[in-house]
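Look at the two complexes coming up: chain A is in both, with chain B in one and chain C in the other.
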Partner chain A sequence: MTLNRRKFLGTGAAAAGLIGLNGMPLRAQQNTLNVTAYGGVWEQAIRDCFVAPFEAKTGATATVSLGGPAQWLAQVEANPENPPLDVLIMTPDLAVIAAEGDLMDDFTVEKLPNLANIPQEFTDACLGKGTYFDYGVGGITYNKQVVSDAPKSFAAFVDRVASGEFVASVPSIQYGVTPVFFIWALNNALGGTVDNVDPFFEAMAKMKDNLVFWAGPNDFFNHLASGEADLGIYFDGRTWNHVDQGIDWIDFINPEEGGAMTAVAIQKPKNASDLAWDYLNEVLAPENQSKFAEILNYGVTNTEVVYSEKLASRVTPLSEANLPPYADIARVRNEWVDRWNREIGM
Partner chain B sequence: MRLTDWALWLFTVAFFIFMILPIAVVVVISFTSAGFAAFPIPGWSLKWFARIFEYEPFIDSLWVSLKLAVVATVASCVLGIPAALYLSRSRSGWATTITTFLLSPLSMPMIVIGFASLFFLSWMGFGISFLALAIVHTVICLPYVIRTVAAVYRAVPPAYEEAAMILGASRFRTFQEVTLPLIRPGIAAGSLFSFLTSFDNLPVSYFFGSAQTNTLPVVMLAYMEHQFDPSIAALSTLQLALAVIALVVADRLYGIEKMTVAT
Partner chain C sequence: MSKTAQISERTRRALLLAPALIFLAVFFVMPLVDNSARSFIGEDGSFTLARYTAFLTDSFYLGVILETVVLSAAVTVISVVIAYPVAYVLVRKAGRFSGLIIFLLIAPLLTSIIMRTFGWQVLFARRGLINQWLVTDLGLLDTPLRWLNTPGLAIAALVHVLVPFAVLSIASVLQGVDRRLEEGALVLGASRFRTFFEVTLPLTLDGIGTGAILVFMIANGSFVTLVLLGGGFQTLPLLIYQQFNTTRDFALASTMSTILLVIALACLWLQLRLVRRQGA
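Coming up: the complex of A and B.
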């Protein structure tokens, strides 16, 4: 067999064919929007609650990219002139970083009429370049079969775990939002400030013999199910999801000091399609948010939303949760992680 | 049997159990009737296997992963085999440097390769695309082909090829009739490693994920973070079954021993 130019080109064409049409870079198309979602039930909820009404109203189509905020932000940072994504779901700290990097567009009521019903503090927390649309609260989740009288506050949680009454499962530093919903929340409840986290680390030192650490939310559930832990720090919405799956021995308490609000932000990258405004307006619409909350068991931010009776008893009201100072936490986050690694190590 | 033989036998069995037991637990959990992952299981069901086929992103991403693994493996062979052949016989001082460079992805953290490649390929205009993903996967698969082919080729005496050429065979015919049959175990082993490396890769694929290019590991991670059901265990069992079937087929068609000799 001889390899001539024609055969070489033919082989090249075949290889290109194998790669297929989608081998071309993802680019914003005029009538297609690239939006983002977490996986599993989240993705289905995004499709049903936001994508479907958006497509029905505009006649455009939306593709849903699964993944996580760090991945999406890196993709936008790498392609700021032609971002591959039109709408980002972000953690609050990354939303601040994206806003500070001037990668995102400003949110205004002119562009997003439904923004008028979102508390201004949520848009301010994203430096005006995004807002929160969904939130959960970190509190105390416990096994009712083992814990008959659960601690009602963070302070009681620390004292009773330190005394050996309970073994607690707490988030490890590997979990992205640990600095916010655990370090800041517990420190704040114990009288600390963003610049003084001694109360948190002193409490951890007291509890250290009775702690196990979870690296991901599924670990927490396994700790409780296996009896390795009696209670721990977890989210309200995730607890209720377990209850809906038939696990009747689990319950949640929002501590008296107030748990930390762990919100989900939405942002539009600069140079992304203008269709994104229509989609974002659907994300902020009360009827769509209401449906979204029912599926995910988490609170939503539009003040016009009326929860069902079942959900109303589960969702922690905004007034009973603390909004962490995400921008300030971002400033000291590395110091906290460094101190955690030195003093706790997990 | 001597005491040391007994000790070695016991150690081997214990190590085997240590390796197999976690996998066995995952397989058992994939057949649970419960809506959450826990062991022991309360009853048996196949519903989580059905869930794999109901959840479209699993199937779409499985297809992307398979296509990507094939493209990366073929590209690694096309680029890696000639490089391995040349570098194995070269006496130039540069050969060692180039070999080290080509093998360097093995010693670099994958997440660094993924992050750097995202910015580099975006700067080159490839953006977030299957093509970009295939390029990066080829980079990380290439060392496996080069290493295995070079290992086999170094053991082949140059006299075989010299004899063929003395008898009048062209360079290409010598490669086709003499070299290729001798290095085939290296190519087979390198291809197998390449395919599995690409198919299982998460850190690199993560940065190139989009609605069109998400691979199975990326979708599995995204699913696991927000869903508590055992469908991931079912998917892992299915992957395991596919890997075992592939190995059995490879063994019947070619012989696993020949591949292990090559490595």
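Coming up: the complex of A and C.
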């Protein structure tokens, strides 16, 4: 066969067209839902606690996409008419951004009967377009073999790290929720406000010679395990997960001022499959949340959930945690990040 | 050859090139153009250079650009200096052990960069292996040294990752050097030192250039090592990641990545010019 230029161009155009078509998000099968999960133990917990009961009740299938909220939100923003994901797990600040961008559906008890047992403030915090289903608290995690008398408050933490008594591992600005669970929490404890974060930056300046920064949770654990740091700012649930894995030298303190409640929100993008409501209702069901909490050691939000004795001693009660003003933080977050870059570095 | 046959031949060549060209166009050129275009579009949809003006007139961001280039250049120089003797031994002295040396060079690349970086953390932590030797086992120090989050360790970790690229580039050129030229210089009375610097080294500039370009480009975009080992460096790749992950300022991220691309291309052009001039 002899190919001439016309045939070649035609073939090329067809190939490019096919590639272009391939780039278009194809709607999932009618009875298939695409939900989201963080990796590791999170993914397994999502599959066991929410996907399995959803599939058993509806006969539908749920595929689990791994990743992170910033990536998932960008995917929905890129194609809001035909979102590639049906249920999003979000950080509270991104949940506000997604809600303000009118990208998400309203959560109502009519659509989600189990929403009736979720405190209204959690749905309000997502502007009615989502709710929180799980939460952890950022506090002080320490190596018991090195730190016999751990600081009980954020203020004591700052003073004792600044004095050189401890080397602390704190989240770097590269970690997505640092502005909320570290900057806001420490600033709030030291008397600052959302519009005045000087107390936080002054504290960081005092501690700077005795700080190391973690870019991700595993990084923090390495700092403690390798002896690079003695203590640091970390999450309660992740600390207890290490304990359950046999790490007996690690412990957690919720500071006296109260750590920041770092919640996990769920949302349904507009134009996503209506099957998402069935899945979301399973996410909010007390029996499923109870199982989820036992696996992850984090608190859950359905007021009907009764924790086991072991978990009850670990989960920080909502009354002892501070709910950050996520919407206000979202407004000034970029200014905080810019100031961090200029005064602290990466 | 008839005209039809000529067209057929040209078409066949084009067809052979087509998969690679389409792949590059769709997965490299189009995303790159789309990404750069985002940086020139204002919030009202009009063309703007405001982000570039703001970025390039801010002393903080200029410092970040300088730091990115200086870090990449330092890593490149150190890597090439380390790589040349290794490449020399590999080609000229190793004999039947050359395969083993190549394996040892490449073996670290088979491990995830994250695992290798965590390895540096374990070795150089305050109560890590090195400090344990220095303080406890050998008693040379009273208190452990703080290695992590220092510029030196971050550079060392980058060099560790990138040296194999320089070694392999230099070795492949060194392999092709005509030994008779060096023997000629020696016979004519040049010392081994002079022979190396006036014959061998100039003949391997292409390899040094290729290795330096490879190392510089990878160092220029390096991310994981700097995130995990810190070193206090503020580089463009770290800021770009931050715009996606924390602040969601995609337009600023596009601006930074376009600037990073221009810097990389400018340095590539300069290095190529330098190597060609030296080799001429």
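Assume the second predicted complex is superposed on the first by the 319 of 346 C-alpha atoms of A that agree within 3 Å, B and C clash if a C-alpha of one lies under 4 Å from a C-alpha of the other, contacts with A are read in each partner's own complex, and residues count from 1 in each chain.
What we mean here is this: a residue touches a chain if its C-beta (ideal position, glycine included) is under 8 Å from a C-beta of that chain, and two chains touch if they have at least 3 such contacts.
Nothing here was measured: the structure is a model prediction, and the numbers come from that model.
**Student:** Is A:Trp42 contacted by the first partner chain B, the second partner chain C, both or neither?
**Tutor:** After superposing on A, A:Trp42 lies in contact with chain B but is clear of chain C.
**Student:** Touch test for A:Asn222: chain B only (first), chain C only (second), both, or neither?
**Tutor:** A:Asn222: touches chain B and chain C.
**Student:** Can A:Ala116 be said to touch chain B (first), chain C (second), both, or neither?
**Tutor:** neither
**Student:** Output check: A:Ala312 vs chain B and chain C. Expected answer is one of first, second, both, neither. What do you get?
**Tutor:** neither
**Student:** Now for A:Gly67: first (chain B), second (chain C), both, or neither, which partner does it touch?
**Tutor:** In the superposed model, A:Gly67 contacts chain B only, not chain C.
**Student:** Taking the superposition on A as described, I'd like to know which of chain B and chain C A:Ala205 touches: first, second, both or neither.
**Tutor:** A:Ala205: touches no partner chain.
**Student:** Thinking of the overlay built on chain A, is A:Gln174 touched by chain B (first), by chain C (second), by both, or by neither?
**Tutor:** second
**Student:** Quick check for you: in the superposed arrangement, does A:Arg342 touch first (chain B), second (chain C), both or neither?
**Tutor:** A:Arg342 contacts chain C only, not chain B.
**Student:** Under the contact definition given at the top, report the residues of chain A touching chain B in one complex and chain C in the other.
**Tutor:** Overlap of chain B and chain C footprints on chain A: residues 2-3, 15, 19, 68, 74, 222, 226.
**Student:** Going by the contact rule at the top, pick out the chain A residues touching chain C in the complex.
**Tutor:** 2-5, 7-8, 11-12, 15-16, 19, 68, 70, 73-74, 94, 97, 167, 172-176, 178-179, 212-213, 215, 219, 222-223, 226-229, 333-334, 337, 341-342, 345-346
**Student:** Under the definition above, what is the set of chain B residues touching chain A in their complex?
**Tutor:** By the definition above, chain B touches chain A via 34-38, 57, 67, 70-71, 74-75, 115, 118-119, 122-123, 125-132, 134, 172, 176, 206-207, 209-214, 218-219, 221-229.
**Student:** Report the residues of chain A in contact with chain B in the complex, numbered from low to high.
**Tutor:** So the residues of chain A in touch with chain B come to 1-3, 15, 18-20, 22-27, 34, 38-43, 63-68, 71, 74-75, 77-79, 82, 84-85, 216-218, 221-222, 225-226, 241-242, 245-247.
**Student:** With touch defined as at the start, can you tell me which chain C residues reach chain A in the complex?
**Tutor:** Chain C residues touching chain A: 4, 7-8, 11-12, 14-15, 18, 22, 26, 60, 118, 121-122, 125-128, 148-149, 226-228, 230, 232-234, 238-239, 241-242, 244-250.
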